[in-house]
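Provided herewith is a single structure, encoded as structure tokens, for subsequent inquiry.
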Amino acid sequence: MPEKNSPGQPLVDIQNTRDTRNIAIDKVGVRGVKFPIAVLDRADERQHTIGDFTLTVNLPHHFKGTHMSRFLEVLSEHQKEVSVHGIPKILTALKERLDAESAHLEVAFPFFMKKAAPVTGKAGMMPYDCRFIAEANGSYDMVMEVVVPVTTLCPCSKEISERGAHNQRGYVTVQVRTKDHVWLEELIEMVEASASCGLYPVLKRPDEKWVTERAYDNPRFVEDMVREVAIALDGDERIVSYEIEVENHESIHAHNAYACVKRDKA
Amino acid sequence: MPEKNSPGQPLVDIQNTRDTRNIAIDKVGVRGVKFPIAVLDRADERQHTIGDFTLTVNLPHHFKGTHMSRFLEVLSEHQKEVSVHGIPKILTALKERLDAESAHLEVAFPFFMKKAAPVTGKAGMMPYDCRFIAEANGSYDMVMEVVVPVTTLCPCSKEISERGAHNQRGYVTVQVRTKDHVWLEELIEMVEASASCGLYPVLKRPDEKWVTERAYDNPRFVEDMVREVAIALDGDERIVSYEIEVENHESIHAHNAYACVKRDKA
Amino acid sequence: MPEKNSPGQPLVDIQNTRDTRNIAIDKVGVRGVKFPIAVLDRADERQHTIGDFTLTVNLPHHFKGTHMSRFLEVLSEHQKEVSVHGIPKILTALKERLDAESAHLEVAFPFFMKKAAPVTGKAGMMPYDCRFIAEANGSYDMVMEVVVPVTTLCPCSKEISERGAHNQRGYVTVQVRTKDHVWLEELIEMVEASASCGLYPVLKRPDEKWVTERAYDNPRFVEDMVREVAIALDGDERIVSYEIEVENHESIHAHNAYACVKRDKA
Amino acid sequence: MPEKNSPGQPLVDIQNTRDTRNIAIDKVGVRGVKFPIAVLDRADERQHTIGDFTLTVNLPHHFKGTHMSRFLEVLSEHQKEVSVHGIPKILTALKERLDAESAHLEVAFPFFMKKAAPVTGKAGMMPYDCRFIAEANGSYDMVMEVVVPVTTLCPCSKEISERGAHNQRGYVTVQVRTKDHVWLEELIEMVEASASCGLYPVLKRPDEKWVTERAYDNPRFVEDMVREVAIALDGDERIVSYEIEVENHESIHAHNAYACVKRDKA
């Protein structure tokens, strides 16, 4: 077998060869890239966390392939800029380095808030799964997502039963587009205020009494949850569109209750 | 505490009370419902498998809640009809029983094909993750999805290396809308024919030699995979739109390579 | 490059060559093998489900490798025998075909029970994740596992609160060794009877009232759950050892409460 | 309903009441607790990451319940000490605060190493899933776990094929007990040196040529992988016992190849 690459010559660039199948590719790139990042939080501190990235660009029909290593290089060079303000720069860098017209970035990360118990004030760290989904394609588009675990207590169960009411952990996923800056913390607080009760990392007995009674006094179906969060988001002028999904891990069933509301205010 | 429900009287129907928040709900129902189902396959046999269902309807703004138990009742009554032909009946039943204008069904299930090794003919069962996503909302819409694991061998690695070429398991997800019946098996075969090589449950040594050489002779980037599958789907008149995603679990990286092409032929 | 394998000659059997590293391998084989199976249930019917198999044997130090395709062949030949009675035959076949002294089989599968609502009798299908773990190594050992989702209601929350009590879905995992036949259904029923309340696929309003009040009247910590299940298993002479794990998806926290009890009665 | 708790009086401590079922609980506590932590790495820097904790203690038969909030308090107070040296202090604190004889801690976390490409030296971050499993129960026991993704190239496929050889991503899980300090980085390097080739975050074309040829020149079955890692661990006197599991995501099958070796050197 002959040497495929002559010594001293650059290696063949297969990706750069001409493709004749005449099919443009909407998105091509890397997925499942884990990377340590720092996120700016409302308390004005850099919060260290781990991002799980998808980075893609479009590929015109006449190129055989993109250059995968460049996505990682761009990410390394911009790791300090994974923020609402920094992401547009990453997309611009991706478009330039990959010679593309559009670029997309998706990053999922756990985000922590210090949270104090409602009566004793005992504090701990609450984790929330968050995500930024951004696209530069002529114009710029950015979606923020938070998943907020809450307590939901069933209004029907409360009403028909002599004592007690079934309740459970529910997960509220909110995606928003905004025209002005909104903190992840603000979205989280809107959701928690809409629930039967928010969750807490540390609860002493006086706190547990408080959350139990608060949930009992504020029953919520999944239907109520999506509506209450929708009302909160409708009332915030910075938010221009949203999608709300609620999934209750019903304590009386092995399956979940689910509701969804989407709205474009424009 | 007084009796909330008088003896002999029906229990209060909270869900049915009037809601004044003026927010219609796009989708409400149940999710994560596991149910044994039978799927008709091309060999004209009922294949027993397990479905994971999401069932939802819309809810007009003036109702407080939907009736979750009815989704399960409808599913029980129609468990023999989880097929391309039977799903419209389930959606009609959901709309009637829930008094709704739109109904949605999504069911994910493992699907098996008997598959013979390419040289020795030794047969085994190959599993594929499939999904039907259907909606009745005035008109009827139905998407079929298959996830097909394949071998992909890197054209660049082959070209620049003196010996060998890195290859790996890749996952091709295809979603299609059709205007005529298409078997899941047909979609699976189109994808496998587009890959460096298909996967097999049982391979004896002569088969392993065959698949190794076949993959080496048919290198594919993720970009090639989406294009080859796109060409196959373009050539089938029954298919009216599609989305193809490929994710290679790169054997040289801890992250994946990804590509996506979407097309509406209409 | 010369032909590595002469025409008409069998292909080289690398696995069968002598290994000189002097390291015996405890277990070698295949994992993540999905296969349609039928499980015999107490209602004396074959229940069709999907198994996820790990099959391994030991490998003496002097062999370089095992023969992976034979595991799949054995599985294909014995697919009708995936039962408490049939598994020993599969292990014997593995030992013979792979020329091994020990063989192990692990199969996880969803198992369904028809279950009627407690008041209205409305029936549906309840799914349970089950597992058999078997080993033939001179003697024969077999562990049965069931994961039973239940309702747990917090005794502390009930006691200290003026109204209501937090409750949630909990998951009880039971592993047992037995000296006489025990149905999966029996283990499931023991666990459900020990909980604040069992879960149901379909609940109409009179049923929801019943399960809400039953849970309120039977509060259980994770500590109570493991103890109640332990008492039930202690009282059954067929069971010779057990491990019980309970994980409550606390409705007031983002984390879970956990307890574990292990006992060998012998 | 009367006030359950008199004003001014402390709330009833149900957990502290006497249990008469006579069943001691092996482990009780919290699971799935996400918490930001800092891990000391060999480059002598604090690495910020996210821990997923299980914290438990034993519970004598005469107590009804443990006090869940105290686990979170202990974790908050010791969050800077999640290290090989700090974990014994956390266990001691758990035993004291919970008045227990034994305490257990398990923490899983992603760990990053800066890694340079083999030819061009282009650097990026490689993620590894790690875990510490520790128990104080009279004596102290600690297990370190790393999961290292690698390339494995099939010796049989290489030998019998005219060209190419199937290869794939494999995952090597190593658990060790040591009598002297061993860095996670050292375990990772031992595993990568034993593989057909290590993985890299960034590979330019000269690097891709290098890793392709290196893997082709160093074929490894799962059997070879466990043996090579065993030889490396046998040769390190600091390591007193180990368990090695390898799972290859075979590029020619939908299932995985698996091997396991366990050894107690003592």
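By written order: A, B, C and D. Residues from 1 in each chain.
Here is the rule we use: a contact is a pair of C-beta atoms (placed from the backbone, for glycine too) under 8 Å apart; a residue touches a chain by one contact, two chains touch by 3 or more.
Keep in mind it's a predicted model, so treat the numbers as computed, not measured.
> Tell me which chain's centre, taken as the mean of its C-alpha atoms, is farthest from chain D.
Here the answer is chain B, farthest from chain D.
> In terms of C-beta pairs in contact, which of B-C and C-D ranks higher?
C-D
> Take the average of all CA coordinates in chain C, do the same for chain D, and state the distance between these two points in whole angstrom.
24
> With chain centres defined as C-alpha means, what is the inter-centre distance between chain A and chain C in Å?
That gives a centre separation of 34 Å.
> Between chain B and chain C, what distance separates the C-alpha centroids? Give it in angstrom.
Each chain reduced to its C-alpha mean, chain B and chain C end up 27 Å apart.
> At which residue positions does chain C touch at least two other chains?
Counting only residues that touch two or more other chains, chain C contributes 1, 5, 11, 34, 127, 156, 160-163, 201, 203, 205, 209, 254-255.
> Under the touch definition given earlier, write down the residues of chain A that touch chain C in their complex.
Its residues touching chain C are 1, 126-127, 149, 151, 153-154, 156-158, 160-169, 197, 199-201, 203, 205, 208-209, 211-213, 215-217, 249-255.
> Which part of chain B faces chain A closely enough to touch in the complex?
Against chain A, chain B makes touches at 1, 3-5, 11-12, 14-15, 19, 21, 23-34, 54, 56, 59, 64-66, 68, 155-156, 159-163, 221-224, 226-227, 230-231, 247, 254-262.
> State the interface residues of chain D toward chain A in the complex, per the touch definition above.
Touch residues, chain D against chain A: 5, 11, 13, 34-36, 47-50, 69, 72-73, 76, 110, 112, 122-125, 127, 201-206, 209.
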